[in-house]
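Each in structure tokens, the structures are laid out below.
After this come two complexes, each holding chain A, first together with chain B and then together with chain C.
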Partner chain A sequence: MSTFIEKLGNLDRRVIFVLMALAVIIPLALRMNLPIPIDQGPSMDLYNMIDALPEGSRVLLSFDYDPSTMPELQPMAIALVQQLMTKDIKIVSMALWPMGVSLGNEALIAVSDSLGREEYVDWVNLGYKTGGGVLIVRLGSDIKSVFPVDYDGNSIDDMPVMQGVNKLGDLDMIISLSAGEPGIETWVMMAGDRYNLPVGGGCTAVSAPQLYPFLATGQLIGLLGGLKGAGDYETMVRVGVENPPPGIAIAGMAAQSVAHLVIMLFIIIGNIAYLSEKKRKGGAK
Partner chain B sequence: MSWEVIGIWLGALLSLCLYSFLYKDNPFYKFAEHLFVGMSAGYWVIYTIMNVLIPNWWQKLVPMEGGFQPIWLVPGVLSLFMLFRLIPKLAGLSRLSLALIVGTGAGISITAMLQTRALAQVNGTIIALGQGGGWFNWVSNIIMVTGVVCGLVYFFFSKPHKGVVGGAANIGITILMVAFGASFGYTVMARISLLIGQTQFLLFEWLPTMGIHL
Partner chain C sequence: MRLAIPLMITFVAGMIMILQFFVPATQPMGDSLQEWYMIVASAAIFLGAVNLIQVHTHKIRFKLKNWKYSPVTLIGFAVMIITGLVFGIEADLPFDYLFQQMVAPMAATMFSLLAFFVASAAFRAFRASNWRATLLLISAFVVMLGRVPIGSMIWNKIPLISEWIMQYPNMAGQRAVMIGAAMGMVATSLRMIFGVERSYLGGAD
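Moving on, here comes the complex of A and B:
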């Protein structure tokens, strides 16, 4: 028995890779759906804060990520835009990461078309500017000097969505979807704490633990952490919606759960094998 | 065959080439890796010229409505100085540009970082233990305050970690380990999420191009 366990402990890593692949492929191929219970937490806090905004409020949505983190952040972007547009909240979007512009545009156009919203009236994509924190400080005093034109080169002076929006303080909330720096922390530091604006957002699972302290201090009003956060948000946004579109993150969460079970199983096997080998060697002395 | 289908096939084949590394290093993996590095470098150069250099500098130096704004020669020259790092005799000039970048960055960030990462966090830790109501918040507050104090004791090296100090340091390192464990768990979730994203692409975008619908 102990030899068998020790053999398991020295399993060829390629066997583990195959099992991991199967743990992901099978739930996705079978379209397995596991329930995603939503408890009071950072995801629900963000949802409630946006839900409490009055119709016609203006929110800055910053797409601070690139395609390498799309599986986690794009479902969040779509769900957030869905909630904002459904509530008729105006979206002023931009990006601190160059590739975030086109990814954000994809989400904005898809949801806007499905809900019949109008570009420049209900939303605008200002585009990307380099500078990170320095850029945010400039936005705090004059948005139009930083973004005289939008992503497509149209003057923002003529856009209804930008009427009355001259500086960050004219916005009701800032939401950043961030894959690193510059991202949520930069917004908290340069906009939230400096101009006393509510900042929320979504991030990759890797960076979530670093951002949790900002939730405890109230510097962040809510946070979506990784695919779980995206799945939570998709679930909340779909409540009460007739024939909601298929949730990308919800579908992924079933595969995520099965993959985690496989990993936990191998961690347990590895530890049993280690202890068994240690005991055997100790006994041989 | 449409360009979209060609794009999907290219993406799928390159994904498979990259995943083949899990079996062992091979020429397909090497090809995909080198292609990615080369494409990324090329893409970034063009993207930076088109989306950073031209709108942020060139169009301000020579505006479309006409005229020439000589003040914008200053950032142009400073940018050029950065490239002088490649010429040993003139490399010293790049320090001027770097000094400006470091000075501006530090000036803007130091107070903001102090406020965001230090003062606000310390303020958040100084709480009444019973704050928030309910036994869960009460226990959470005790764990947080104990964790912060014991974590700080662990990094206090001017006194030997023995007796009460040693006990507190042990609690501190235990809490740090729990934090590292949570961080590792999140990292695992992130990596699996990327695998899920690419698998969704292969199953629901690539396979249908071959008539296989799952």
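Moving on, here comes the complex of A and C:
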């Protein structure tokens, strides 16, 4: 018995990799769907805040991530854009990360086409500029001096969506989808606190714990943390929608559930082997 | 002089940025410095690109360790620059196609590999060796279960306990770290403005 446990403790890492791959692939291949319960929490706070905005409000949506974190953040982007466009809220988007522009554009175009919204009237993508926190401070005094043209090179003066929007204070809310710095924290410090604007956001699961202090103080009005946050949001946005499109995050939650169970199982096996070895060594003494 | 001029620039720029919060007359100067910062930061992207080319051509030329990957980097770099300059960067053009179909999936794949390493590392290193490690282990289990639907299927209170861990013990720790880091940042900034900390000058004494 002890030999078996010892063998288990020295499990080849390739076995772990294969089991981990199967734990992810099988639920996705079988299109497993687990019910996602929506409780009162940071995800619902963000949903309610956007839901309370009147029609025609203007929201700045910042895509502060790159493709490496796309599996977690892109479903959030799509669900948020869906909610904003369905409610006829105008979107002024930009990015503090260079590769976030294209990812944001993809989400905006896909949802805009499906809902029949018009670029420059209902939404605009201003693009990327370097500078992080300093850039945000400049946007606070004059957006047009930082972004005279949008991502496609068109002057923002002529765009209906930008009429009356000269500085951050002219917007009703800021949402940052962030994979690190510059991101949510920068928006909270440089825009939320300075110009008294509500800031919400979405981030990767690993960075969510760092942002909880901002939730407690109300500096951050809501937060989508990792795939769970994206799954929560997809579920909320789909309520009351007839034949909603398949949710990417909802599908991923089943795979993540099984993957978490497999990791926990490995930890338990590792600990059984460790305790058994400790006991054996203790007995030998 | 080599030392005095950079120290003087740092002092003046730093003081303007602090004073602009308290003296309205210094606000325009602060705005100008912020614009300069953005111009300098943009120029740094160009320098980064030049540096990338230099590093990899050097590796190829002298056949340094892992030099075989360098041509891939340089070719990828050149292809993205050429398609961007020739066709533009708007949606549905070659640059965007390459980004969406190659860069995005490859970057996502690299990040996804973490799951395998996390599983392997957790198996080997996450041990209940003492009561503190055991507490950490239990907290990790609760949060892991609370973050997935299967957790509430096992017991509907797990997500609530997970959220409590995030909102109280986690937040207390995070706040302590944040406040400590912020104090350190203020202290380091003041040391740099007043010329006490000079390591950013590249080791000049």
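The rule is short, and it goes like this: the second predicted complex is superposed on the first by the 285 of 285 C-alpha atoms of A that agree within 3 Å, B and C clash if a C-alpha of one lies under 4 Å from a C-alpha of the other, contacts with A are read in each partner's own complex, and residues count from 1 in each chain.
Rule of thumb we're sticking to: a residue touches a chain if its C-beta (ideal position, glycine included) is under 8 Å from a C-beta of that chain, and two chains touch if they have at least 3 such contacts.
Quick caveat: nothing in here was measured; it's all calculated off a predicted structure.
Contacts of A:M189 after superposition on the shared chain: chain B is touched, whereas chain C is not. By the touch criterion stated above, A:I25 is placed in contact with chain B alone, chain C being left untouched. Once the two complexes are overlaid on the shared chain, A:A95 sits clear of chain B and of chain C alike. Of the two partners, chain B and chain C, it is C that touches more residues of chain A. Once the two complexes are laid over each other on the shared chain, residue contacts for A:L103 go to chain C alone; chain B is not touched. By the touch criterion defined above, A:G41 lies against chain C but remains apart from chain B after alignment on the C-alpha atoms of chain A.
When both complexes are overlaid on chain A, the residue A:L80 reaches neither chain B nor chain C. Applying the stated contact rule after C-alpha superposition, one finds that A:M159 touches neither chain B nor chain C. In the superposed model, A:G226 lies in contact with both chain B and chain C. When the shared chain is aligned, chain C comes close enough to touch A:S141, but chain B does not. Residues common to the contacts of chain A with chain B and with chain C across the two structures: 17, 20-21, 24, 68-71, 129-130, 134, 137, 205, 208-209, 213, 216, 225-226, 228, 256, 259-260, 263.
Against chain B, the residues of chain A that register as touching in their complex are 14, 17, 20-21, 24-25, 28-29, 31, 68-72, 98, 127-130, 133-134, 137, 185, 188-190, 193-194, 204-206, 208-209, 213-214, 216-219, 225-228, 248, 251-252, 255-256, 259-260, 263.
Interface residues of chain B facing chain A in the complex, by the touch rule stated above, are 22-23, 47-48, 51-52, 56, 104-105, 108-109, 112-113, 115-117, 120-121, 123-124, 144, 179, 182-183, 186-190, 192-200, 203, 214.
On chain C, the positions that touch chain A within their shared complex are 31, 34-35, 37-38, 41-42, 44-45, 89-91, 96, 99-100, 103-108, 110-112, 115-116, 118-120, 122-124, 126-129, 137, 141, 144-145, 147-153, 156, 159-160, 163, 166-167, 170-171, 174-175, 178. Those residues of chain A whose C-beta lies close enough to touch chain C in the complex are 11, 13, 16-17, 20-21, 24, 34-37, 39, 41, 66-71, 99, 102-103, 105-106, 109, 129-131, 134-135, 137-138, 141, 146, 151-152, 205, 208-210, 212-213, 215-216, 225-226, 228, 231, 253-254, 256-264, 266-267, 269-271, 274-275.
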